[in-house]
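Worksheet: the structure to be examined is printed underneath.
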Amino acid sequence: KKYDPGASDKEIKVGNTNPYSGPASAYGAIGKSIAAYFRMVNDRGGINGRKLNFISYDDGYSPPKTVEMARKLVEQDQVGTPSNTAIHKYMNAKKVPQLFVATGATKWNDAKSFPWTMGWQPNYQTEARIYARHILQTKPNAKIAVLYQNDDYGKDYLKGFEDGLGPQAQKMIVAKASYEVSEPTVDSQILQLKSSGADVFFNITTPKFAAQAIRAAYDSGWKPTHYLNNVSNSVGSVLKPAGIEKAVGIITSAYVKDPTDKRWANDPGMKAWRDFMAKYNPDGDTSDPFNVYGYTVAATLEQVLKQCGDTLTRENVMKQAASLKRFRIDTLLPGITISTGPSDYAPIEAMQLERFNGHEFELFGEVISNEQ
Amino acid sequence: MEAVLLQVLAGLATGGIYASLALALVMIYQATHLVNFAQGEMAMFATYIAWSLVNAGVGYWPAFLLTVLIAFVLGVLIERVVIRPVENAPVLAVVVVFIGLLVILNSVAGWIFTYTIKSFPSPFPPALGIRYMSPHQVGALLVTLIVLALLYLFFRFTPLGLAMRAAAQNPVSSRLVGIRVGWMLALGWGLAAAVGAVAGMMVAPIVYLDPNMMSGILLYAFAAALLGGIDSPGGAVVGGLVVGVLENLLGAFVIGNELKLVVALVLIVGVLLVRPSGFFGSVQVSRV
Amino acid sequence: MTALLEVADLRASYGATRVLHGIEFSLGERSITAVLGANGAGKTTTLRALCGMVRTEGEIRFAGQRIAGRRTEDIARLGIAHVPDGRGTFLYLTTEENLRLGAYARKDKRAVARDVERMYAYFPRLKERRRQQAGTLSGGEQQMLAVSRALMLAPKLLLLDEPSFGLAPLVVRELFGILRAINAESGVSMLLVEQNAAMALELADHACVIETGRVVIAGTAAELKRDDGVRRAYLGY
Amino acid sequence: MSKKLVTVTILLIVLACVLPLVLTNYRTFQATLVLVYAIALLGLNILTGYNGQISLGHGAFYAIGAYAAAMLMDQAGMPYWATIPIAGAVCLVIGFLFGLPALRLEGLYLALATFALAVSMPPILKAHFLEKWTGGVQGIVIVKPDPPAWLAAAGVKLSADQWLYYFVLAIAIVLFIAGWNLISGRVGRALVAIRDHHTAAEAMGINSAIYKSLAFGVSAMYTGIAGALGAIAVQFVAPDSFTVFLSITFLVGIVVGGLASLSGALHGALFIQFVPNIADELSKAAPWAVFGVFLIGFVYLMPTGVAGALRALTRRRSSGKLLHPKEALP
Amino acid sequence: MAAGAEQALLRVQDVAVRFGGIVALDGVSFDVPAGRIVGLIGPNGAGKTTLFNCISRLYPCERGDIAFAGRSLLGVPRHRIAALGIGRTFQNLALFRTMSVLENVMVGRHSRSRGGFFSAAVRLPYAVRADAEARGKARELLALLDLERFADSSVAALPFGTQKRVELARALAAEPKLLLLDEPASGLNHEEVGAIGALIRSLRERLELTVLLVEHHMQLLMSLSDWVVALNFGRRIAEGTPAEVRNHPELVRAYLGTAASFST
């Protein structure tokens, strides 16, 4: 048995910061469902006999607060594995595993410069590249319009997309419009994009704006091939509000199951998730994909800690995190698995394209994987 | 040319959103001489009430009226319970209470209703739509104009409206002439909350209902209300529409989306430098 | 003479500082009492206490009802009008709106409209300025407005805190004539705090002198006019 | 300054000096942030508390100071300590220039203008044409300064956190003393006179235009210096660190701490640093609701802020005259 | 009194002021000779305070000129007026409400002391000295006006008459040559009016003041003034010694009511 600060015979401390307040409080659902999941694990007897102690602080989505809270986790609470952005360098300097950062920004999968940090979901650039490839295959002469959120997330997608289009990018992308989260609507942006005459629309937006964009595009009579980023592909919380009929034909990609998609109504994995929600997270919204997300992340972490056995050193945690082999969780889409390696810090790298048929998403094509 | 027209119309539609909340700000200003930063969150909360009613099977218009009523009562209650104790505190302390109220309402709404967006029904028949505007956008603008007319009449022609303005300006003298200042304040809060509720229900179908629905809009409404002149309901609406259109045109044709808000704000502040009490605000001279 | 207003052991304070230490007097129906006193004696505070504008203890009866501790607006609605210290103008409303507010507690619209015209007849200057923002009126004009606004309530009791403050000599004389007429015609009782003691004692039937929060001399106006101390301090002969 | 006040101040300074010796590095870091916020709040208090100009946009000056420091360190390779005066100077100039047109605006209209400044800051920092220097949406990561070599040579061993704390503490003491001198003398009286009665102040010969814009400048300078120190402490700047919420937090800080009071800046800093954390500990479901309740509770109990309440306590014991709170403050 | 041009400390020439449709001053001219007390009277709204505000540069003049010690004031910004040697009080009190009496008077000293932001912040010796000097001067004035015991009280809680004296002290702190007093006796009782009259007289002697006095208390005004100017509807309707003006028919009709209503 070997321990580093944060672990003992009795418990393993897992730290986390999450925006429970502030403009991004929607992400708070992730933290809450992770906490709920760990309660479930503890009810089942914990991991290798140790209880999980999940300590989560509110970072208000503000970088200074995140730094402070991360330091609190590491120095005050002596936790094992917190996650997250302004603290990137700090965590690596302190050699604290920063696992499964809840964002797809590419910088989280950089094993070389930041060996103590690992993302979780397919990174934004990978996803954007998949769309780009699909466009190049199906519509090589497309005129593309892009709507993106003017921040880290939006810019990351945009970069992946432009990289994916390659040298063609400058020519193919005929219009780009950005928006700020504080803006009430993106109607104006949609009109700008429409008037560019584009026939392909890449929609890099968070749920509220995605729904607005889908509706506005449809209402304005613009009928491009519509690619929607994975962040906002929930049927229940995006397409429905936008108007189901307005969303027909939208192409997106997926790796977790959408809790509002009828396809998974009787799926055992999602059933287990729903039971979990009912029992451990009754306040949570069962149409909110963030709750599936948190659940799945927590399950991944559970697996890593299981693999660690009795050697709960920070080094071993990182090592085990980097040696997940085709690990599967039932809330992931069929065919999607989690694999990592010493130089592969991107746990999920596969996704599948899907198209909305007016009732549900239909997967098409292969599971597309970037797995080396 | 058509692109410009489209942007102008879309700007009017969003401007109508700003205008409707700006009216609530004018209302509360007239009644208290303060701008309630929690006004947007109160409107958001009222909209959730409406949403719950509609979801429970109440028809749209009954739910609408009921919500306006509930919002009025809640507004009165908030004044009586939360604001009353700081009646005599310095202005900025009251502003801090508003901020407290804002974060409480926002947080509690997220807790009760979660952060996933909800669609909110629109009551307007498709016939209301014109070529480039959806029926709801047209309808919401009309409703805003109706609220404007009501507020104008209220302040201009009713003794109550006059008493309310008096109470906000000089509570001591108001009491001396028999105005129940406490009631005026509560009434002002109630009416502002009711106006806000209408705004929320008109806004929600456009931007979708979520706990942060109004936080962004409040800034625009604040700017709009001041641009028009904080004590002028008509000014609030004009201000709202101007801000909406201005922002769209700047974003689409002049400066780009990234900096359109910045430039719009610079222009608004620029206008205020020339007209320090807005387009239609009354100039309040004080002399020695 | 029945008492319209009876005050007993009236004490009042600002924050922790007590200013009135047991004022005692009564004011008859249709009568006018003048209150004299040095700077800071507590005259203004007495009027404020009657209207519930400061923290008070003690007994105040108006037309038989206890009004101590009641809210200012309720006291006003009983028919007590107040020309406050410092005029209390609604600075950002027009002259006419100020007048209309004075009658806020009254129901009869027509009578109110008549009274507005009456005030304009008393003070033609106000009529010229009817649409002007009241805060821009000259000091004396605002004082006329303050008196008129109080009269607009059609009160039973009128509390006047230095009504002649800042008025030109001619207007002061007219004002006292108006007060006398109103008292005679409508039987409005008045409590008059006035620095122009000679005129005040001329108008009033009763008078008292307040010193540091206590009534030190009280009596009929005629008696006070003969009092040596009063003559030296307030009348100057 | 009364004798008692001098004693209390000296005691506080001594206490502040021993603090990092008994605290963990993390707590020291938090204490550093408190000092940083105290400087920022002092700046805002000079403007809003003493001079009566309401600013809902001081987060912008904090941001400018922070970016000035970060950019100078990151791109010009300047040592951290040298960036502080530059950040202060930049903010002084920008604040002064902003203060000039702001002269025409009063009350709510000024609040809007400053609010606009705060709202504009993140988009400007993200703006494409500045990306080269500001790092765009990603911001700039900077390294934490190590204690200088001469300290180690002198045999004093300090952690980076401790060193930074003392560095900030020294600056804070200097700035607080300067602030005290400023407001207790001729200039301070002029600032308050302008707040209390603008016209009379001018009739007394006070050039209110100059005073008001200089107050803006000095206030911005304080806040800008705080921003620079804050950036160094947090080792990171990004546009999203400086949203309007920061500005509003500052306003909350000076009101809760006490308007027009030097010690109020410190009380306010403690509040904005620790109360959100406490709220978060109490409720994950709705931390802001708890925070809001705290906020309102503080205002109920102490409408003139912590400093005002303390002052009232001591004053009641000594002389006895209490002002109506409304008269005491803008 | 033949007020020769060379003697006039203040010269008001054809001054007109209009607010929208209201003509507040309509071509007023008169001189205030150095060392004299000149009374300015007229009905309410005649434009007396407006004229004061023009001299203090709070209101712009539509036409005409105001010269002080031979120099036109119209180009002088309002914050320079005090430094030129013109002090004033306000009709409706304009004290700094949150400050103590002493501080109020020290602010009055502003135009006679130096020191800016920087010198104050680092306590440059001259700024410290200036501050001490202002404090000393203010204390002197408080003693002179019998305000010493209120030095540290907050002005807002003082009785009205005391506040008026604080305003007077504040105006005197700048060592003005010309003092503009707007209704100094209003709200004072007989005894107090007598006291303020004596005070003004003695101040004039001791400080070699020139005074322009607006007052509705005729007894006081007529006894103090060397010269009286009467306004009505923004126009000068009479000018002369108190004895001359008192019987001026237009003034009697518009302002006094009866000529015999007061005595000197």
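Each chain gets a letter, A, B, C, D and E, in the order it is written, and its residues are counted from 1.
Definition applied: a residue touches a chain if its C-beta (ideal position, glycine included) is under 8 Å from a C-beta of that chain, and two chains touch if they have at least 3 such contacts.
Remember, predicted model here, so these are calculated numbers, not experimental data.
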*Shared touching chains for chain A and chain E?*
B, D
_Measuring between Cα centroids, what's the chain most distant from chain C?_
A
*asked:* By raw count of C-beta pairs in contact, what's the busiest chain pair here?
replied: B-D
*Would you kindly tell me how far, in whole Å, the mean C-alpha position of chain D lies from that of chain B?*
32
*Between chain D and chain E, what's the gap in Å when you average each chain's C-alpha atoms?*
42
*asked:* Using mean CA coordinates as chain centres, what's the gap between chain A and chain C in Å?
replied: 74
*Roughly how many whole angstrom separate the Cα centroids of chain B and chain C?*
42
_chain C: positions in contact with at least two other chains_ = 14, 17, 136
*asked:* Residues touching two or more other chains, restricted to chain A: which are they?
replied: 21, 23, 25, 28, 150, 180, 182, 283
*What are the residues of chain B that contact at least two other chains?*
103, 107, 110-111, 219, 258, 261, 287-288
*What does chain D use to touch chain E in their complex?*
178-179, 181-182, 185-190, 192-193, 195-197, 199-208, 214, 218, 260, 321, 323-324, 327-329
*Show which residues of chain C lie in contact with chain B when the two form their complex.*
51, 53, 71-73, 76-77, 81-82, 84, 88-93, 97, 100-105, 133, 135-136, 149-150, 152-153
_Using the touch definition from the top, list the residues of chain B that touch chain A in their complex._
2-3, 6-7, 10-11, 13-14, 17, 103, 107, 110-111, 114-119, 132, 134, 203, 206-208, 210-212, 215-217, 219-220, 247-248, 251-252, 257-258, 261
*In their complex, what parts of chain E are in touch with chain B?*
49, 53, 58, 90-92, 94
*Interfacial residue positions of chain E with respect to chain C in the complex*: 19, 22, 42-45, 49-50, 91-92, 157-162, 183, 186-192, 194, 216, 218, 254-257, 261-262
